[in-house]
Each structure stands twice: as C-alpha cells, then as structure tokens.
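Just below is one structure, and these are the notes that go with it.
We call the chains A, B, C and D, going by the order they appear; numbering starts again at 1 in every chain.
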C-alpha cells in the first residue's frame, strides 16, 4: 500500500493530535512569525464568527465610535451645538452623545444641530463615516448569509460494519436544511502514525469507496470503504483499531442549486471515534400515503451491534 | 441493463409518488428530527419565496418592529418626546408610532424628538437596528435577483415518437428569457418500480441521448432517447408504458453568459405524462425578411399524432 | 467533413442573416408566444443596459414615484403637513413634492412634517419604499460593475493569409483593459449555407486552430485555422469565399484573475467580413528601455496585402 | 526540449525586463492606442487600489461633490435657505457647504432647509445623488473585501538544492492568513532568452514538478523541479544560471473554502533571484504538547548552504 505525498500535511510534523479541527473546519495549524494584522483576513474572520458574537461586535463598534465623536464635540464645546439644554456635565455629555448617534445614523432630528465651523465639519465627517460603516455592514451581512455552505451533518462515529462477505468502514452524512445538492463527491484520506526505522512518521492514504459520487444528494449517504486487500486497514482487528493512531479525513464537494455554487464540507474521525461491530439503522422511510419519503435526521447516529465475520481479518 | 447506485435516491424507499417535486424543484423528501430553526436555511427560504410574499413579509416586519418600539416609547412616557401633542391615548400612541418609524428609517423630521436619556438611548438603538435591517434587506434583494437561474421551460409531456427506423422518447425545453446560455448539458435518469423477488424496488438507469451537449442554447432543444437495445425501455409497448411506474428525471446544466455562472434546472415526467405516438411540431421559423429566426414559445407543448413503427417493439 | 449537430442552431432554420448578433452579443433570435413580462429577465435587462440609459431610468423612476406620492399628499390635504406655507396651488404642490422627496430619500429636514394620521402613515410607507428602492439600486449597481466581462476587442475582419506552405484563416483579439486573463480557450464554429437535395440547409463545423489555449492572455492573440485537408474550407478560392454564405462564430472563455471568475466573449465574421490575401501587422513591440512590452490596440485592424500561394488551392 | 507556444507571451517581443510584474501581479505590458477611459476598467482599478488610497479617494470625492453643490446653492442665493444666519461671505459659504453635506448624507438636521423652488429641486437631486453614491460605495466595499484572494506568500528566492542523487530547483510558498485552501495546483513556466540564428528570441518551457497538486494547503509547500534530463536547465552550472536571462513564472490555483471560490496567485523569479547551492530550513514543527503544528512564516526565506553534487552537471 503506497502512501500519498500530496495531502498537504507534513509526514514528519510529529503531530499527535488531530490534523483536522472539527470546530473551525480547518487544519489544526498555528501560524507564527507574521503580525496579527497580516495573520488574519478580517473578512474571513467576520464571515466565520457566530451570529451573536457578530451582532454584539457591530453594536460595540457603534457605541465606541459614537463615544469618540461625542468626546470630540464635547471638547470643542457644547455651545456650538444649537438646541442643547445647559445643565450638569453628565447630562450634557449624554445629549452630545445622542447628537452624535443621530449624525452617525443620519437620523438627524435636528432638535440639536451643529453651529460652529469645527463642530459642523466634524459632524460632516461623522455622517460620512456613518454611511461608509453601514456600507461595510451591508457587505458583511450579505457576505455572511450568501456564503455558500454545505449544511451537512456527519455521524459522530465511523463504524466497522459487516459488508458483503467481509467488513467495511462506514460513516454517513445528510443535508439537514432546505438546500438542494447535486453532483456530490466524497474523498477519504487516512492518516496513520507508524514507526519506521525507529521514528514515528505520518503516512497518508487515499481510501477507495464503493460509491463516491451522487447525482442528487437529498437523503442520507452512507460512505462505504471495504476493508479488503485494497485497504491499508486490511486485516485490522478490533485491537489494531484501538491501538493505532488513525485519523480519517473526509472531504465532500457538491453543487448547491440555490446558491448555484460549489460547496464543500470537511470532517474527520480519530481512533476513539471508530466503533467496531455495528451497523447504521435506516434513516428514511416512505410516508403512510406512500407518496413521499421521510428523512429523520435525529437517527443520524443510530446504530445496532453487528458481528464482523472472522473472515475479514484473515486476508 | 445494469441499474445505477449513485442517483442518491434510495432503491428501497418504497415511494410511490414522485421523487422530484416540480413545484419546489427539489427532491420530494420531508425532513424530521431536526428543530425548525435548523431545518431551514432562512436565506435559502427568502431566496426561493415568491416576490409578492417576500415584499409583504418585509412590510409586516417593518410594521411589527415599529409597533414594538412604539410600545416601549409609550411605556417610558410620552412626555419624553418633545413636540408631541398631548391628547387621547390612541392619538398619542399613533404619534409615538410615527416617531418610531421616522427613527427606524432615519428620516428623522424632528418635529417629534427624544429628550430624556432612556428615550434617547432607545431611539439610538432603534436607528442602529433600522440601518442594519435595511443592510440585510439590501443583501436579500441582491441575493434574490442575482441568483443564477436557468429560465428554462420544459414541455409538459414526453412523447414516444417515431425516430429513424424505430422510436425514441422525446421531450423539449427552451430558454424563455433574454438570457444567453452556452455549453449546455443534459443528463437523464429513469426511475422504474419493478418487482424483484416478490418485493417492489426502485431501479435507476442513466438514459443515453442523441445530442447531450449544445454549444449555444438559444432555440428549442429536443432531447432524444432512442428506444433501442441500449435502453431499459426497449420493446415497451403502449400498454407497458401505461402500466409501469416510471419517472424520467432531467438535469440540465449550462453556463449563463450574463451571470457568468453555471445555472441548473431540473424537471421530471411520470407515467401519466408520457404520450405514445406523437411528434413535436416545429417551434422556430425564419422571419419574412429571412434575416432572423423567430422562436414561438407558446408552441412548446404543440405536437401531432404519429405512428410508431411496429418494428420498434420487436427488437 | 462531417458537420456538427450540437451547435444549438437549427440546421434548417433558413436564416439568411447572421446567427450571432454582434451588438447584443447573443443569438439572432426573436422570441414570441410568451408575455412581455415573462420574456425579459428585468435583472438581465438592467445589467445589459448602457450606463447613461441606466442612470436616466433611475432618475425617471425617482421623479415619477415622488410625483405619485406628492399627488396623494396633495389629495389628502396640504393642511396635514405642518410647516407648509399656504399659497397658490402650483407652489403648494411643489412644496408637497419636495416634502415627498425628503421623505423618500430619508433626508427629512423637518421644516415640513406630517401631522394627521393618514399623511403620517403614508410618509411612513414612503420612507420604507424609499429605503427598499435604494436597497435595490445598490444591488443593481453592484450587479452591473461586478458582472464579469472579458473586455476583449476582436479585429473587424478575418484574413485569408499565407501560412507555412499554404494559407490559413486568421483573426485576432486583445484584452484592452487592465484585466488579467489566464487559461484562455477559443472555439470556432463555421456555419455554411449549402444546397442539399435542392434545399438550402445550414451546415455547422468545428474548425481546428493551431493554438487554442493560452496560459496567460495579455498581448494580442492571433487565431489561426489552417486551410488544409482538415478544413471544410479546403481548396476554397477567393471567389468561393465571396460566393458562399459563411459565418465564423468565435467563442472565447478565460479566467479573470481580478474577478476570480470565468469570463466569456463571442464574436462572428460573415462572408463580407473575410479579406483574401492579407496579413496582420504586429501590434506589440519592446519599449526603448527594452524593459517592457508595448501593445498598441489601435493597430488591431491593421493588415498588409500578402499573396496566397496557389498551392493552397490545389489540395 | 521543445519550447511552448501557448504561454501568451510573444516569442520575439524582445523584452529584456520581467514578463511578470510582481508588484501588480500582472504581465509587464503597457497598452496604447486606446483612450484612457477605455483602457481602464474603473472597477478593476478600485478593487486593486491599496486601502488607504481607496478611502482617501472616497473622502476626496465626498468633499469635492459637496463643494460643487455648495457653489450652486450659493450662486442661487443664500436667501433661499431658511435658517442660515446672514454674515460675511466665507461664513455663509461654509454654512451652505454644511447644508449640502447634510443633504448629501441625508442627515437633514433641518436647522437649515431649502425654501425656493430651485434650491429645493437641487437639494432633491443632491439627496438622490448622495444615496446613489453610497449605493456605489457599498458595492465597492463589498467588491473589495469579498474579492477572492489566495493570501499566499512566496519565498523571495528560488534555490538550486541537492535532491535525490542530483539537484533540483526549489522555491516555497505558504498561506499566511486564516484562509482554508484545498485542491491546490501549481504550474511552472520558464522563459529563457537564447540566441537563435543570430537573433535573440524568447523560449518558453513548462517545467515538470514532483508534487504539483495538494489536497489541503495549510502548511508550507516546497515546489521541486528536478534538474534532470526532462528539464531544459539540465546540466546548467552555477555560471550558466548567472549568465542566462531566465524567468521562472509560477501560477497557483486553489479552492478557498470560505469564499467557496477559485483563487489564483502568480509570482516569478528572474536570474538574480536564483541561489545556487542552498536548501530551505523547515518552517513547521510540533508544539510542545504535541497536539498541534506550528508554522513559522518568518522562516519562509530561511535557507542554509548545501553542496550540489557534481553528478547533476554531467547528465
């Protein structure tokens, strides 16, 4: 079984954790030696951020920018703002702050309005900044929700299940939203940590699968890698599975018919996420009217014990 | 004739309705076991919604959000809004509501304006929410009209028509808008419900077609699947067509030169949508000046009876 | 020489004009039998419209919508608008019109402001419509300028030029803007009107070209179709070229590195746009500092007479 | 070794500078013979502009447009603006200018408001222009930050390093941001200036590389072109490398999983950027917890001297 060189993972990177980080959906790599500003694409960051965090960040920026502008107006002098009631400092500052937000958002009620040159000039600038900020926010919102995503759920575990006369490694996945995927493809790469000449090295293998393309991907899809002579895992016993550092990396690519764009998804299974001797329970069934199919996504991780034929271990 | 395994439809899903839903353009599958919020991609939903429904929804949201804000201002107290005329409750509430809309849309006439801290703070927040809402609306509008669509019309029925010495299954399609499609491809999958070992199972076949690619797709395109020895429908009589549960699924992919993007379209024909012994009438003809071609889309479903040669049934 | 069936043009469409319309960049087809509203994709139309026409249309819509709203406010009664000076009708209407535009654009100076319920409600609705209109305009602007275009110029004529021992059909094209094209491909289809069994039919041929792909497309590119035994035009004399109804259709596809998208361009040459016995003059040359290349786009159509060897006519 | 014709660079363009311009990322070509307006795609220009320059340009346009409108209002007469304090010219003009910005940004405080027909009409037009300008700005911001970019850094130099029994030309590259690249491909083209029949001509070669595709591109990637019999540089000594006009052009293409789009990057190395007898130092290593990999981007250009085996020069 020849190992692969083009996985993009270093075969001596000596990593004993995961190569793939399920949480970020990316490689488990930390970058150094580049300034913070250059290390992050702020747009990629804003797109990947959870919704709540994103909205809070926008609100925080909104308040902060207005505090800064309010400070500037306050320093220039409250007397250059027509309509403000003179009173104690805090109340005056809050009035200035609200004038600032009314300028930034271009509400401009006009109860308070700028009179002096400097205050007018700054409010002119603030309204400009305000509009540009909302232009950027518009772009970010659009970027976030138009970002093509696969909306796939993967089973938590991969099973070693009986298959034909022997056994096969299986996991499954399903689209869980009202998206339409077609021309789906899957690619499996197995990383195995082995001792070679007294040194621990990573080996990578592309695993063949029974059906690696689907015309239309709307039900669940069970990926089957037969554990036969074409597999680097051929002859592995339950103990072998438990004692070897493995990582099964999954790459799925499909065409989303609503986005009209290619979408991808990644996932991975490590040693402790393999289950020996089990079989997935069906996830879909015909409705009582026999006119349509039901897909129960809560059954994604449902499996039953199954006996692996001994033959599969004695190739 | 070998059946296919990679259609993505379960071969024992026992579905006796359509696999493909002409109305939604997707698979006829109902998802369960996932919460409502997770089951729908709200963006996919907003993109797929009919125009009238979409605009009404926006208006509904606009009025609702303003009712909520108006309620808050009203509870805080009308006296914190300068310029409001004190009168009976309903009139005051309507004034507050209009103040709210003037804030939300950032019109801000200023006849009514916030004075107290709380009212000012909330109007500051409302203007922010208003702008973000319109940022989202901007994204949705753009997403809706820039969404690459094929704008293809398919004939309502598929015909069994005389073809060469035998017969062929034919249907046709045409682009009906001022879009420019090139490099069009078509793929046909036939689902057939057959009895196998006393059990009803679904079999899937990819059907070969005479011309499955077009460089430029601007006229009508008749898809021809010859009913010869390469077809799983070879030797089918008119009765066979009527008595077998069939579904012909069509997948079209093309490059739209104005969107500069790939567009796809799907369609399907079930048993009752097949017509035995008919031939499509031409849809296009030269203009009287013989300088350009006319394409009459109203003729898409126009066909004439035609005799299927007996030979085609006796392969 | 076998003719092609997959061009998408009808081989008996009896069209004696162009198949390709240089002006619209699309097929020379008129659609009928579908309502005006369904025949046009308004988004495709807005994207394809010249800039001046597009901006005028926006302005026209802006004025019209405001005239309508002004009419409504006027009918409800000027007395429901605070701040309006009572005077003669026309002046009052113009004041109402400006109030409407101040609402639609959300400027909302507030000198004039709504007071009654009905007027307030309508201005609430108008501000909403105004913001949505600008949301749509934002999308259209973005759609227009982000629309991937190839920015290619083609030579006005195609030449029959000496080439190796014989002759070849040549035309050239060049990118004329600061766009970066890579992985460019060209495909030539020749339409020829011939008599077959006493009937005029269209035949289509894919023409082989010497270099049909370029890694990087930044200079001029001369497309060369040798007139040898592989060409349907083999042995054509100057008279043959003049007497045959020909249309050479060009399809170019490339990857634009700034748009990060595929761009396409089409062009065509008909009988009267072929020039016998000519050769293109070079368009690019080294600068005097020999450090960079100059590309003179005004020379695109520059050619010199050249003698076609008689041999090329006697295959 | 056959040279290539499909590079898109003229083989007699006599250019003795770079073909590729590292700064612009495009070909080193100057276009002439086309008007300035047609030569530049303003959108491509705005997208490629550095951030600071882009923002300054927007501010400049904002101020200029408002100066123009202020001039118009001033010429019509200050008396048509309600709320302006009559004073000396400069102060009046500045008040008019601020009225203009309040209209353009749709802030519309209303302290100053238009009264006459002409002034009102122009402010109506200005608010329209203002909103369209911000619509365009929104599109530009989105176009800028959503523009798919590869975010790759290339090593400054290419090394001639020992490789297997001989030597190889090597350079490396690494993604430096939090982007996720998959299915990366690299293509190398070598331009060599040679004397042929007493004339200097450019020859182009596609160079084979050991690994030209990566499934996942998240660490550094060293591109290796072995200097063996398949290379046009076979047998080149250190002197040959120094005395020949070479340019190694690199083209990288990958799929960015966050943009869900293809991204490309280009780079080139000329004669003086080749280093004979050196080897790159590793850039990545396991963390102390051995759970993840660290990639130190500051080491991208770090290499150590290495002896090239003489054998590699005597093929």
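Heads up, the rule we're going with is that contacts are C-beta pairs under 8 Å (C-beta built on N, C-alpha and C of every residue); 3 or more make two chains touch, one makes a residue touch a chain.
In this text, all values refer to a predicted model and were calculated from it rather than measured experimentally.
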| item | value |
| --- | --- |
| Same or different residue numbers at the chain B/chain C copy interface, by half rule | different |
| Of A-B and A-C, pair with higher C-beta contact tally | A-B |
| Rotation, 0 to 180 degrees and nearest 5, that superposes chain C on copy chain D via CA atoms | 90 |
| Farthest chain (mean CA position) relative to chain B | D |
| Which listed pair, A-C, B-D or C-D, duplicates the contacts of A-D in over half of its pairs | C-D |
| Whole-Å gap between the CA centroids of chain A and chain B | 27 |
| Chain centre separation (chain A, chain C; CA means) in Å | 38 |
| Numbers and ranges of chain C residues touching at least 2 other chains | 102, 106-110, 138, 142, 261 |
| Footprint of chain D on chain A - complex, ascending | 5-10, 13-17, 25-34, 38-45, 47-48, 82, 102-103, 106-110, 113-115, 117, 120-121, 123-124, 127-128, 130-132, 135-136, 138-139, 142-143, 147-149, 187, 189, 251, 259, 261-264, 266 |
| Of chain D, residues touching chain B in the complex | 106, 108-110, 138 |
| Touching residues (chain side chain C, partner chain D) in the complex | 58-59, 62, 66, 91, 94-95, 98, 101-102, 105-111, 134, 137-138, 141-142, 145-146, 151, 176-180, 182, 184, 210-211, 213-219, 221, 255, 257-258, 260-261, 284-287, 289-299 |
